Amino acid sequence: MENNKEELKNGNEEQSNAIFEVTDHCLIIKLTSELDHHCALKIREKSDSLIAKGNIKNIIFDFKEANFMDSSGIGVIMGRYKKVIFTGGKVAVTNVNETVDRIFRISGLYKIIEKYETIKDAKKAL
Amino acid sequence: MENNKEELKNGNEEQSNAIFEVTDHCLIIKLTSELDHHCALKIREKSDSLIAKGNIKNIIFDFKEANFMDSSGIGVIMGRYKKVIFTGGKVAVTNVNETVDRIFRISGLYKIIEKYETIKDAKKAL
Amino acid sequence: MSETNEITLEFDSKSKNESFARMVVAAFVSSLDPTIEEIADIKTAVSEAVTNCIIHGYENEEGKITLKCKLDKNKLFIEIMDKGKGIENIKQAMEPLYTSKPELERSGMGFAFMEAFMDKLEVLSTPGAGTTILMEKEIQSAASKS
Amino acid sequence: MSETNEITLEFDSKSKNESFARMVVAAFVSSLDPTIEEIADIKTAVSEAVTNCIIHGYENEEGKITLKCKLDKNKLFIEIMDKGKGIENIKQAMEPLYTSKPELERSGMGFAFMEAFMDKLEVLSTPGAGTTILMEKEIQSAASKS
């Protein structure tokens, strides 16, 4: 199960914004910085190049290390959602703190994505 | 030994800069913010009013919660040193991190004050 | 010490300065000892306005953004200004979900968030000259709450 | 993205803004991922220069302090300016332990610290018009070190 896992840091950046992992057709994006427009640009680029490879069904955005998000974060999550929905995929968010949760609630994003406690919970449920 | 201990916060401030304790004729100033000019002004005022009461011999500046100091900090420590030296008192600093230690070394302050690991060590040695 | 405090910050229109602007405002209000939620509200609103200057005002070209903050007792005033392209139709721009740049994956929620998280929001804009966002928020400092 | 980034911050001459100025500069250089020691060096130098504007430049009266920071690749340029009383004798002012305000418990080590912690220090001053401090420091970012 865990042996087809690849861990990819965007190491060419001054500071990496996320760690990308693909396991069992699930793209896990562990955010390591605040999810704003600056970060969204990089997440979008990297995740789309991974999605383009064709073996990704679901996406999990993990907020364990990200305690801030603004409307640019909503944009990048919606954008990825639109990519996987056509092939029956889903998008989930995990380890969401109170601050980020508020943004999701206000934006109405929970109507189309699911929230789980942990990455493990999300993988089981998706 | 511990029963004549009084703990005094400067609670009228937006944010307190230090906790003052007097035990066994020793004034312990536990810094709770960065020791700059702004903080120094308050430390000076509060400690001098305590020293004026007359039962203080030694002074310990504790840096456990203060990870920054500039030359204004040197000024406030020197100033208190000058107050207690005439009555045979001493000044010590404790829990000094690498950053603050460098300031003490460069300033030459270790020629007149002692550094100890903990407040307990300082109290024993003074 | 007088009870007002004021700063003016001018910085380059670059996406990496979004987090910088948030940190500056958070540092500026820290003397009032705001709650985590209040800080988050302010950071989000600032982030939205600054991002808009970069994406919409200057359309990712070079430019300068001005951020003014003022504290008067426990009231925070924020002004964020660009000298970019300006907004033709402010009413439409402020509608929730409206965005002129869907191709950039904008959600159109920027103004809605500024309104939700701040007590007051005002948008001044002149097409071709630039946009100024005015926001206000009262900080119920920890002290006055307890 | 071009390799320079520049900010200008104007703030009130108040002692509580000393820590604010340090935080702003620390946030500004954070994109270069400096070491803890480098951040401490820069914060100390900024703290000294800003404190001097407040105590010596404006002698605790009202005034505005301007802080400019520029990053050119991994080189940090800092300019700190007041429009206060200025310095009559710059050479004497820069002597270690010299202070014109011993009654305020000044240690006279401000300029010595700025010199010790930065790569370059320049002091420009006109009596009656104000003082400008120019400093430079190369950030050996974590990346280039390993």
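Note that the chains take the letters A, B, C and D in the order they are written out, and that residue 1 is the start of every chain.
What we mean here is this: contacts are C-beta pairs under 8 Å (C-beta built on N, C-alpha and C of every residue); 3 or more make two chains touch, one makes a residue touch a chain.
Remember, predicted model here, so these are calculated numbers, not experimental data.
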(message) Quick check on the contact graph: shortest path length from subunit B to subunit D, in steps?
(response) 1
(request) Please flag the chain sitting at the greatest distance from subunit C, going by CA centroids. (result) B
(message) Distance between subunit A and subunit C based on Cα centroids, please, to the nearest Å.
(response) 26
(message) Centroid of subunit A to centroid of subunit D, CA atoms only: how many Å?
(response) 41
(request) Calculate how many whole Å lie between the centre of subunit A and the centre of subunit B, each centre taken as the average of the chain's C-alpha atoms. (result) 49
(message) Residues touching two or more other chains, restricted to subunit A: which are they?
(response) none
(message) Please output the residue numbers of subunit C that touch at least 2 other chains, ranges allowed.
(response) 16, 31
(request) Would you mind writing out the residues of subunit C in touch with subunit A in their complex? (result) 15-16, 18-19, 22, 36-37, 40, 43-44, 47-48, 51, 54-55, 104-110, 112-113, 116
(message) Give the list of subunit B residues in touch with subunit D in this complex.
(response) 33-34, 36-38, 40-41, 44, 68, 70-72, 74-76, 78-79, 98-99, 102-103, 106-107
(message) Applying the document's contact rule, which stretches of subunit C touch subunit D when the two form their complex?
(response) 1-2, 5-12, 14, 16-17, 20, 23-24, 27-28, 30-31, 62
